[in-house]
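By written order: A, B, C and D. Residues from 1 in each chain.
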Amino acid sequence: MALTKEQIAQRIAKELKDGYYVNLGIGIPTLVANYIPEGINVVLQSENGLLGMGPFPVEGKEDADLINAGKQTITTLPGSSIFDSAMSFGMIRAGKVDLTVLGAMEVSEQGDIANWKIPGKMVKGMGGAMDLVASAKNIIVAMMHTNRAGESKLLPACTLPLTGIKCIKKIVTEIAVLEITDDGFKLLERAPGVSVEEIVGKTAGKLIVEGEIPEMQF
Amino acid sequence: MALTKEQIAQRIAKELKDGYYVNLGIGIPTLVANYIPEGINVVLQSENGLLGMGPFPVEGKEDADLINAGKQTITTLPGSSIFDSAMSFGMIRAGKVDLTVLGAMEVSEQGDIANWKIPGKMVKGMGGAMDLVASAKNIIVAMMHTNRAGESKLLPACTLPLTGIKCIKKIVTEIAVLEITDDGFKLLERAPGVSVEEIVGKTAGKLIVEGEIPEMQF
Amino acid sequence: MNKVYKNADAAVADINDGAVLMLGGFGLCGIPENSIAALVKKGPKNLTCISNNAGVDDFGIGLMLQQKQVKKMVSSYVGENAEFERQLLSGELEVELIPQGTLATRCMAAGYGMPAIFTPAGVGTEVAEGKESRVFNDKEYLLEYAFDADFAIVKAWKGDTDGNLIFKDTARNFNPLMAMAGKITIAEVDELVEPGELDPNTIHTPGIYVHRIFEGVNYEKRIEQRTVTKSAK
Amino acid sequence: MNKVYKNADAAVADINDGAVLMLGGFGLCGIPENSIAALVKKGPKNLTCISNNAGVDDFGIGLMLQQKQVKKMVSSYVGENAEFERQLLSGELEVELIPQGTLATRCMAAGYGMPAIFTPAGVGTEVAEGKESRVFNDKEYLLEYAFDADFAIVKAWKGDTDGNLIFKDTARNFNPLMAMAGKITIAEVDELVEPGELDPNTIHTPGIYVHRIFEGVNYEKRIEQRTVTKSAK
């Protein structure tokens, strides 16, 4: 059974370690915050200038001066800090953020990512995505394995304009967890009930399948 | 009559304009703060990270956490701000400081300055001097016209290791005010009672004397 | 020297056709609402606006777009704006898209007197096209130049009459960076106080960077994405 | 994850021979007194110390010099220290003198992930020897590299257990820059508080940059140049 978006987020949350500083992109990545394991303390960074992002405010407590990079009203947690955009991307570039989770349109077997532009469509801009992918030491992509046309999003090479090159470390889709290795995508886990064959069939890039592939644990 | 150090400072203070941000070096330049003209508001920058430096504290009110770049205990004035050393030199490099006053061992007719190192003597370091001279848009040197051996400190070329090149705009000594032009030192004013001949005699670099040279006014 | 201006109209009075402006804010958060309104009223055209976003159709820089005052936007993200899209597709508007961190750092570089900086953002992408790149410690970086803006227009929370600024929460964003970067910096503030009322240790932008300041009025502070938790935890 | 250490001894326990250290402070203002004392006690040798100054004979880094723990000083100004001078002239100690702004900016560059920066400081002087230079807008700049330090040791006024730091007055100086630049950053503070006690808007160094923190004891805060006004104005 393919994972729901919530389950993808839940699986990614297992990658969190105590003390991690984490940047979560818009979409599925944002949901990861709901599944932080018990007993683990994680600090969320929002690249518009905040460490220690908390949940959405209760109704009536929204503050226009306190938003996240998705422009949503949020709160701060005890121990939070505010800074300008240069310091925010400074700490990202300096590798101080332990984990970055992003959505993607395509990922290549070299770890290239495309997630900002579709030729022929209105281009809205890359926002902070290019800085994040070029700088972060540990990037996990959260995305569907195939696009709406059923075509694989895990490719030998990206067809869309790139956001960054050789930067993605891991991918979690609704059917698989994969690692980017020097030799291509390496299948680490499969969703409960999903066969290796299905994953092979939906992966256009080079896929390494070694030994028994375990089912994801939650 | 040659000026006292206080009078040199007093003459330099006449260059101040309302709203100026000013960095004063150690020695004679520091004295400039005592002669800020009436009705003019000047903000003093100390490159260790302060704008709005005030006078020395009254006895008993010294605070070890509040010093100037000369490591003297000081106070802050209303409207002051504190910042780190990178921002401090950032605003200096960006040309936000309107006037810098420095001491010097030698100045060349091209506007080069030497004020940090004497070969054979213990080298203490350049501190912020190289940043200041390379960055400031308006630098006045406050110094004696000759050294203790009676040799001119205004030279065709500096003999001591340089602090910066082509950066000095004006020099005020105990006998003259001079401007650096493309053609060398240009004599602007002479100290009361000091003859042009004396200044010519004590200036080793190319000196331009055009027309009547007025006495300094205080 | 008096830095205090009566209002936004006075502060932007000499911003004319063809000016290069930096405008602070992230989305609609921390934008100089009063100055934008004054610019719409005064009506300079052919402006280049360096700002992380372009506002929405009826607010922020979107208001200047509606008046066709903007020749070029330099931004990292320009969604949420139909008029922007129309002008862009029709060729009336030029847009330069820049990675957000690069945008921020190019502002900071200007304020810090650094002519250029190195960043890995955009390496291997179309952003790198025509740009110089260089490898340090086995990693490739692009050389990106400091911005050069005629005016920086920022919004702060508190300010004093010497131009010192304090920002509030994530309304800080690009504001202090742009404040450092303008040849002339205009700051509008929620609250303008006398020198000495702000703790020198809490100043985000020292007054040396700020040339004009005024207390703004009638801030709308519109929220783009009102997200709430139904019940308190 | 616990960042709180019991004391300076615990915080510097893994600083061993040959380490590259950054030490905050300007003169004796804002120096990490407790950590320096602990380093003197523990006794690692062959240290490289990046610090604006080298203390005085009997205080600050001077104490480490007396124990011959320092192989190399990287500073902008090293006066006021006879033992320093003796070791330098005898060849026991190596010194690299760097313009103060360059020193500061090379720290910042490390904390901001910028491999190198351009500065005009030192152009045309012996500081430029062997360095790459480049002209931007008719002005010459030197290319200077980000520092690479094993440990940064800083002194703050207040800190919380998440590592957020606030500095006081000109004791700020190099401290927040070095705090950003260490592979491991150790902060000693006058007062250690719980998360939530510091206003997020007033944090100078976000906790992400700080790995270890402890509340210091018995600060001497020695004054180098006690200058006073005889009578209040």
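In this text, a contact is a pair of C-beta atoms (placed from the backbone, for glycine too) under 8 Å apart; a residue touches a chain by one contact, two chains touch by 3 or more.
Being a predicted model, the structure only gives us computed values, none of them experimental.
A.B. asks: With respect to inter-chain C-beta contacts, which pair, B-D or A-D, contains the greater number?
C.D. replies: Higher contact count goes to B-D.
A.B. asks: Indicate the whole-number Å distance between the mean C-alpha point of chain A and the mean C-alpha point of chain C.
C.D. replies: That gives a centre separation of 28 Å.
A.B. asks: Centre to centre, by mean C-alpha position, how many angstrom separate chain A and chain D?
C.D. replies: 36
A.B. asks: How many angstrom lie between the centres of chain C and chain D, each centre taken as the mean Cα position?
C.D. replies: 33
A.B. asks: Can you list the residues of chain C that touch 2 or more other chains?
C.D. replies: 105, 112-114, 119-120, 167-169, 172, 200-201
A.B. asks: By the touch rule stated above, which residues of chain B touch at least two different other chains?
C.D. replies: Answer for chain B, listing residues that touch two or more other chains: 50, 76, 82-83, 86, 89-90, 92-93, 135.
A.B. asks: Would you please name all pairs of chains that touch?
C.D. replies: A-C, A-D, B-C, B-D, C-D
A.B. asks: State the interface residues of chain D toward chain C in the complex, per the touch definition above.
C.D. replies: 105, 112-120, 136-137, 139, 141, 145, 166-169, 172, 200-202
A.B. asks: Within the complex, which stretch of chain C touches chain B?
C.D. replies: Within the complex, chain C contacts chain B at residues 1, 110-114, 160-162, 164, 180, 194-196, 200-201, 203, 206-209.
A.B. asks: Going by the contact rule at the top, pick out the chain A residues touching chain C in the complex.
C.D. replies: Where chain A meets chain C, its residues are 46-50, 55-59, 61-74, 76, 82-86, 88-90, 92-93, 112, 122-131, 134-135, 161-166.
A.B. asks: Of all residues in chain D, which touch chain B in the complex?
C.D. replies: Chain D reaches chain B through residues 26-30, 52, 75-79, 85, 88-89, 97, 99-105, 107-108, 119-127, 157, 167-177, 204, 221-233.
A.B. asks: Hey, which residues of chain A end up touching chain D in the complex?
C.D. replies: Its residues touching chain D are 18-19, 21, 41, 43, 45, 50-52, 76-83, 86-87, 89-97, 135.
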